[in-house]
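Both complexes below contain chain A, partnered by chain B and then by chain C.
For the complex of A and B:
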């Protein structure tokens, strides 16, 4: 009861965010936080819960964004068509990657996924008739759903929020289900999981495909918000940022991606005063976080909350 | 044409081999791929370029740059990797990715994003040998790489320090029991690996120009070469590098040069799928 109450309050607060946002620039950052929460949730399922490391999430994000961009500019397809097509094509791509990925783990898996990311980027740059090469695809339409156009960033925020909530809810349901328990068993000890009758192969594939579906949704939202896609966005750096989004918050925790999304997207903006050195300082701060808070920030935030609760009850 | 492609492949392949040797050494001692290896190479190249611009003779500046890069390798091990080593595998990997991120973005700020010319150690004008055009640069690169790898092999099998390093990385516990300072040996491994990366960078840069983003593709190919040959194996790294270089050159020549980099990653996919232990390794203790 109490929990549900808090959930409603948090949701209401989230809905009220645009009221507190002074301009479009900050609204865009807030929307990007939403997109990165979705990306972070995706990799949280794959790496945090199933223990399969991926350095190629930017590739799935990119495929999702490009499918949307191409469908929309070529055929004028609307939001839901683009979304479903993105999900299907990205899911198929992740199946292709999952086949070799099943045979390896640890650093090899990281390498394999990174190589996959590079191949996708090379295709984006060189398959000019379809992807328009390094110039990217311009003039993507804003989404129109049941006659309502999400053409301003504030309106877009609610669309993003809807998918963030949906993604997080699905993550919660998934992790508490039989599938989620199987994922965790595979992470803890894949041989023991196999012995208890869990089909490790199919669950790993499921985990891969699920995380790529999250990337596809994020990709569609990204392409229709920025209304421009180019290969520069979907580089190895983006994959690292996506992985960090899940790590900084706390791997394998339900709200870790939210913390990660907020930290990872606001930090570069707060560091604007560093000028060109911004991304270097960003990297150093993240490295320090990894060195000193190996479990992410979530356990510390939990302690803080517990502290306030005790204070409140006194 | 075929001869030209193969020569190009051998040239690039020997450079990948040189990088792969560094990857393999670090993997053996740390149990982890060093995702910052390519970026260490890039930083080494730019250090060399900066010193050359101060009008220091090419050869002397290369030596200084190799030493400086080796120091960066030392620092990476001592300041960062040693601290996360015991926390978890994922954190170790993320730490190397983080270092790579910092080095790459730092290099973009300090050295700029524009490609810069890098003077070559060897003449670039082709010479006619028995009807074939051969550039002294290619031959020079192949010879330097081969010499270094053979020298490294001799160092690991004949010299006492080298033997100690070999033992420390393959069986740290018994090495420690025999009185070898394992942490010093690992320190040295990182230094040598970084130094080799710097030499590789100085050989690659005249061909591709010095750019902060040169690291990504070459770093990945070094991993691919190391795994293809069998990780932890010096000759495997050489074999893997050469195969990768030749496949890539033939693919670029006969199929499409735009997808050049994609060919080597496809080779990597194939190897990981068919034989993840690599060509020269029978089995690997640490299951993959």
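For the complex of A and C:
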């Protein structure tokens, strides 16, 4: 009861965010936070809960965005068609990668996924007839759903919010289910998991494909919001920002990706006053966070909330 | 017919023969023990039964099904063997430490439940029912092991002896017909050991299963086992009841050394 009450409050507050946003520039950052929460949730399931490190999430994000861009500009396909195609094609690509990749562990898996990310980026640049090379794909249409067009950033916010809530809800139910326990068991001790009756190989693949589906959804949302895709967006740096989104919030926690999404997207903007030193300061802050809060920010925010609760009840 | 049957099983690692031409039977509802000095090949035997190792020669049969033999296409994957009804515990405890005690047991139900990733969307009520049923069953197992009060504690934080019990609980959740216990008494004091003997017997009766244990504590082994197989240097040197094995000269030699007269 109490939990549901808070959930409604938080959702209502989230719906009211555009009221507090002064201009489109900030609205776009807020929307990007939403997209990164989805990306962060995907890698949280794969790395935070299943313990498989990926440095190639930008590839799946990119495949999702390009499938959407190509389908929409070539055939005029609408949002849901693009979304489903994006999920299916990204899922298939991740399955093809997962089957050989998940035979290796830890740093080797990280390297393999990073290599895959590079391959996809190079394909985006060089497969000019389809991807239009470095120029990217322009003039993607805004989504039209049941006659309603999401053509302003404020409208787009609600579309993004819908998928953020859906993605977080699915994550919560999944992690507390039989599949989620299998994922965590693999992270904790994959050999013991196998000897408890879990088919470790197929569950690793499931986790991998699922995390790529989150990337696909984020990719479609991104392409139809910015209405332009180019290879510059889907570089190794994007993969690490996605990874950091989950780390900063708290790996293997349900709301870690929310905190990570907010921090990773707003911090570079808040640091604009640093001028040319912006990225240096950004890097140093992230280093401090990882050194001081190795479990991410979520446990500390939890403690802080508990503190205020105690103070409030006094 | 024996529930578990190892026939002429050999395991070589390169030039090293860890187990040689071993025969071992476990009957239904029996408490059997596999003993031998350190390095005799006991853990290797467990690993062949659970499918972690392929046998080099010979055959392992469980409940009439070949689960491991020299043809690799007959060798079953470990999780399949769990589904068939063999569960194990580990010498060095291997719980899912960051999960709760209850969730560790719930994870054990994996092979006997179905809900997948799509049920969340398409069959939520069916999934919830299965989840509720499993939670009740898991609590029953915890009550049986007297762990119900710590159901929500983190598994990595509970005392050592309790962790051992929890491992048994997780194994029981897979509904085994045969339970393999790898040094279940290691690190336990004498009163805990006495309780363990009772627990193992009551598990056998309550869950109607057979037990095969590897254990160094001879008092416990002789007390509990109905059938003992002694191995040394990978070979079976004796087999029989506790009193038969204790009288066997090869066994005495293996444990105490040869007298020099």
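The criterion applied here is as follows: the second predicted complex is superposed on the first by the 314 of 314 C-alpha atoms of A that agree within 3 Å, B and C clash if a C-alpha of one lies under 4 Å from a C-alpha of the other, contacts with A are read in each partner's own complex, and residues count from 1 in each chain.
Everything that follows uses one rule, which is that a residue touches a chain if its C-beta (ideal position, glycine included) is under 8 Å from a C-beta of that chain, and two chains touch if they have at least 3 such contacts.
All values reported here derive from a predicted model rather than from experimental measurement.
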Putting chain B and chain C onto chain A via the overlay, clash or fit?
fit
If we overlay the two complexes on their shared chain A, which of chain B and chain C does A:122 touch? Say first, second, both or neither.
first
Just chain B (first), just chain C (second), both, or neither: which does A:198 touch?
second
Given the touch rule stated above, what does A:170 touch, chain B (first), chain C (second), both, or neither?
second
With the two complexes superposed on chain A, say which partner A:287 touches: chain B (first), chain C (second), both, or neither.
first
Please indicate which partner A:55 is in contact with in the superposed arrangement: first for chain B, second for chain C, both, or neither.
first
In the overlay, answer first, second, both or neither for which of chain B and chain C A:299 touches.
neither
State whether chain B or chain C is in contact with more residues of chain A in the superposed arrangement.
B
Which of the two partners, first being chain B and second being chain C, lies in contact with A:105: first, second, both, or neither?
first
Per the contact definition in the header, classify A:185: touching chain B only (first), chain C only (second), both, or neither.
second
Rounded to the nearest 10, the angle in degrees at the CA centre of chain A toward chain B and chain C equals 80
Measuring by CA atoms in the overlay, how small does the chain B-chain C distance get, in Å?
12
Touching both chain B and chain C, residues of chain A
none
Chain C contact footprint on chain A (complex, rising order)
170, 173-174, 177-179, 181-182, 184-185, 188-189, 191-200, 206, 210
Residue ranges of chain A touching chain B (in the complex, touch as defined):
47, 53, 55, 99-100, 103-108, 110-112, 114-116, 118-119, 122-123, 125-126, 236-237, 240, 243-244, 247, 251, 276-277, 279-280, 282-284, 286-287, 290-291, 294
In their shared complex, chain A is touched by residues of chain B numbered 27, 32-33, 35, 80, 83-84, 87-91, 93-95, 97-102, 104-106, 109, 216-217, 220, 223-224, 227, 256, 258-259, 261-262, 265-266, 268-269, 272-273, 276, 288
Residues of chain C touching chain A in their complex?
50, 52, 77-79, 82-83, 87-88, 90, 94-99, 103, 106-117, 119-121, 127, 130-131, 134, 170-171, 174
